[in-house]
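After this come two complexes, each holding chain A, first together with chain B and then together with chain C.
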Partner chain A sequence: MLALARYYVAAGKLSIQGQIQYRASTYFYLIGFLIEPVVYLVVWRTVAESQGGSIGGYSAEALTAYYIVWTLVRAMNVGFDPNAWGWRIQRGRLNEMLSRPIHPFHRDFAWFGGGKFVWILLWLPMAAGLWIAFRPQISPTLVEGTAFFVAIWLAFAVRFALLWALGMITFWTTRGSAIFEIFIAAELLLSGRLVPLELMPEWTQIIGAWLPFKWTFQFPIEVVIGRLTSGEVLAGLAIQTTWAAALIALIWVIWKPAVSKYTAVGG
Partner chain B sequence: MNPVKLGWMHLRISALNELQYRANFFLAAFNALLALATGLIVIGLVYSHTESLNGWSQPELLIVMGVHVFIGGLIRAFVEPNMYQLMQDIEEGTLDYTLTRPADAQLLVSVRATSIWQTVDLAIGLIVVAIGVVQLQTATTVAHVTAFILTILLGVVIIYCVWLMITTAAFKLIRVDNMVQMLQGIYQAGRWPVSIYPLWLRGGLTFIIPLAFAITVPAEALADRLAGSTIALAVAFSAVVMLVTRLIWRWGLANYSGASA
Partner chain C sequence: MERPPVVVEELTKIFKVPVREAGLRESVKSLFKREHKMVHAVAGISFEVGAGEIVGFLGPNGAGKTTTLKMLSGLLHAESGKADVLGHTPWQRSKELLSQITLVLGQRQNLAWDLPALDSFDLNKAIYQIPTADFERRRDRFVEILDIGDIVTKPVRNLSLGERMKVEICAALLHGPKVLFLDEPTIGLDVTMQRRLREFVLDYNAVEHASVLLTSHYMADITALAERVIVIHHGKILYDGGLKVLAEEFGGEKTITVHAEAVPAAHDYGGVIEQTAVKLSIRVPRSDVASTTARLLNDMNVLDLSIEDPPIEEVIERVFATPKDEA
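Right after this comes the complex of A and B.
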């Protein structure tokens, strides 16, 4: 266990150094990401203002806070997506990882986890710019801030494991992108990524509660913008932990039959 | 050789090459239909809470969305494949093979690759535009359609130029693949009329990454919201962008040293 922790620290540091080396490139990537919430923010603020200043219990300022926090949550929950998995399988890039005595999941998780520190650093000036441009209404307590810190790391764990499990489909088919597109569409509508679920039809809220998506987007945001009670926050953190554990367990179960299918198409 | 003939021949060869992979058509069609369904759900959701988005009605928004899908299809089918190829050639130093040919290098790097199946978005985009036009309360005249076609053509030229300018930065920076990711992200902002954005963002989407000219202006032409002066501005802007792109391209070529050749 200690050796694994040491591996995580070392791989995380390597990732940080790599991301810093290509910081301009990472910055461009991040800017592309941040356009999405700015678009949603402008659209839903416009709708709220046309409805007298609030919609679905969210004021225009609260919606602004929602989408600005969204940008950090989005930067945090980026993982190794199924398209990248497809590339890895097609090019035979998994060979090298399979020859190591450590599960590739640890390598990817540590790599992406380490990179988050650089992403957060790069995110800060952008968030400051959005803050000045849109003036959000947000004043989290110390407890909410602490809970948010835990919630965004758990959101990362859940979404990372979800994407990794989904990516393993490419062991059976090298065309996993269609499945990934379905995933993105479902996530967009059922996670609070497009809009807080309170603004969606009721049936989507019911379905959303039973799927992992909400716990990777809306839940961490709601924690810090102060829309949840202490009990709801604790329950939410417990649900996130359960999802992360279940998905990682699933990966461990599928791994063996998946690798037995591996043929390194272009390796 | 006639540049048009040369460009057409290259496009034909790359399209024929891509036509071998027919399964890609179903994948492209599936992705396009899924994106369309998601877009329609989003528009439906917005208009379930309001009747007008900053003065834009639902049919008008459908036209904007259709133009966005159409131009996005053109980019993915004809612009992006060439730009990715150019980036790769610059990084690997293999652009020499293109530069030594007796034809204009900018033309050659712009017509070498095609993702022909992405043209399914062109059909879907036009269908969405047509549905939006039918749902409009106002009559669409020949003048509207002519202005639409003209502004779409100008929009395509402008978008191509911007993509090429960004890619040309690879001559200096070598790795610019994330810049293209950034452009793809910014392109999503064009799904909505630029007039809904705050002034600073509207300025950026009009003159830096000119989605206003490429998407909102053609949609305005069909929705009878376009002033003649905007068309004149679009013509002048596209001429300036073409000239600047040519200059940047020549500057980029002057900086090329075949790094890995």
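Right after this comes the complex of A and C.
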């Protein structure tokens, strides 16, 4: 366990250095992430204002807060997706990872996790700009702030494990990325990424609560904008932990049969 | 007797490869009926590599060399047969085994592209849990032998191919592996860089008493490093033995070169490779070398004479040309 912790520290440091090396590119990614929520924000604020100032229990200012926090949550839950898995296998890049005595999941998780520190740092000035431009309604307590910090890391763990598990389909089919498109569509509708689930039909909210998507997007946002009771926050953190543990366990179970299918192409 | 670090028995790997003719019609047809071909990449090979031994693993492209190395390093599962590397079945991928071996695939990179190699070395220290003293001792020695003191502090993306290969192989050996699988480690490098890498592998082998299974298309790598070679073709072993014996067994002829005051224009000494007024190079069967040499010395005023085995590349080509059932 201590050895694994040492590895995470070393790999995390390396990732931070790598991200710093490419800070401009990271910033452009963040700006890219900005376009999507700003569109949603403008549309839903307009709708809320046209309906007397609120929609689905969200005021225009609360919606603004939702989408500003959205940008951080989005940056946090970027993971190693099935497209990248396809590239990795086709180019033979998995070979060197498999020849080392550490599970590639740890490598990727540490690498992406380490990079998040740089992403958070770069996100701050961007969030300040959005704050000044849109004046959100948000005043988290210390407890909510702490719970949010835990929730965004758990959201990262859940979404990362989910994407990693999906990516492993590439061991059986060379075009696993097609399944990723279905995943994105489901995520848009069932996670609160497109719009808070309260603004969607009730059946969407019911399905969303039973699937992992909501716990990677809407839940951490709701924690910090103060829409949940302490009990709901604790229950949500427990559900996130359960999802992360279940998905990681699934990866560990599938791993052996997946690797036995590996054809180690590309040198 | 101690068990050799690498023991392979009847190892087989079959790939199921989809096949179809070119063209739109065939493409549409393949939507309904997909045809596959079973390719026997490795077809029941057996060999051992002893402790501290360097073995050259030779064969043309597609012979099954890299597939074998990938099975022995745990990347690929075998269809049948057994492999034992340091007491482990490699495709079970135990941490204990992976910590004691290394696989170097020529021109593949294991290092963080944007950072100096020293940072990746530190990561390897954490991955392989190398004690600090061992890590520093080995790192400093490798840096000195490979003369990469100035290189390891530059981002890997700024290094030339040769420089990158040097830091790659350095990174791959920092944990002190007992078995090295080297697949074309000198590919694409200039002769000086090739020589430097060979010297490094020899040094590592001598100091750490590590076993090495090496593939290379450069015969200079093989002759410099390996006393024993395994020749594989179509997934089957054609030859396993000493490099010198290989030359004797398959290099059926020798080359005799004489420099003389005058070389007769017409003669029947043997197959002419090169002939001028004062120089003659001929190829003769091994059994005729003594008699032909005697005739040359008797017939000409010889100034210099040399007898050589054919180049190893030529010998290997002869082995590849051996019919399958003779293997």
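The criterion applied here is as follows: the second predicted complex is superposed on the first by the 263 of 267 C-alpha atoms of A that agree within 3 Å, B and C clash if a C-alpha of one lies under 4 Å from a C-alpha of the other, contacts with A are read in each partner's own complex, and residues count from 1 in each chain.
Definition applied: a contact is a pair of C-beta atoms (placed from the backbone, for glycine too) under 8 Å apart; a residue touches a chain by one contact, two chains touch by 3 or more.
What you are looking at is a predicted structure, and each value in this text was computed from that prediction instead of being measured.
When the two structures are aligned on the shared chain, A:V224 is found in touch with neither chain B nor chain C. Using the contact criterion defined above for the overlaid structures, shared-chain residue A:L41 touches neither chain B nor chain C, since it reaches no partner.
Contact with chain C, but none with chain B, is seen for A:G18 once the two complexes are overlaid on the shared chain.
When the shared chain is aligned, no partner comes close enough to touch A:A157: not chain B, not chain C.
In the overlay built on the shared chain, the residue A:L194 is in contact with chain B alone; chain C does not reach it. Looking at the shared chain after the overlay, A:Y29 reaches chain B, while chain C stays out of its contact range. Of the two partners, chain B and chain C, it is B that touches more residues of chain A.
In the superposed model, A:I55 lies in contact with chain B only, and not with chain C.
In the superposition on chain A, the residues of chain A touched by chain B in one structure and by chain C in the other are 22. Of all the residues in chain B, the ones that touch chain A in their complex are 23, 27, 30-31, 34-35, 37-38, 41-42, 45-46, 49-50, 52-54, 173, 175-179, 181-186, 188-189, 191-192, 196-198, 200-201. Across the complex, chain C is touched by residues 3, 6-7, 9-11, 14, 17-18, 21-22, 92, 95-96, 98-102, 259-260, 262-264, 267 of chain A. Residues 15, 66, 70, 73-77, 91, 93, 95-96, 98-99, 101-103, 105-110, 112, 114-115, 119-120, 122-123, 125-129, 155, 183 of chain C touch chain A in their complex.
Every residue of chain A that touches chain B in the complex is listed here, in rising order: 22, 24-26, 28-29, 31-36, 38-39, 42-43, 46-47, 50-51, 55-56, 133, 175, 177-178, 181-182, 185, 188-189, 194-195, 199-200.
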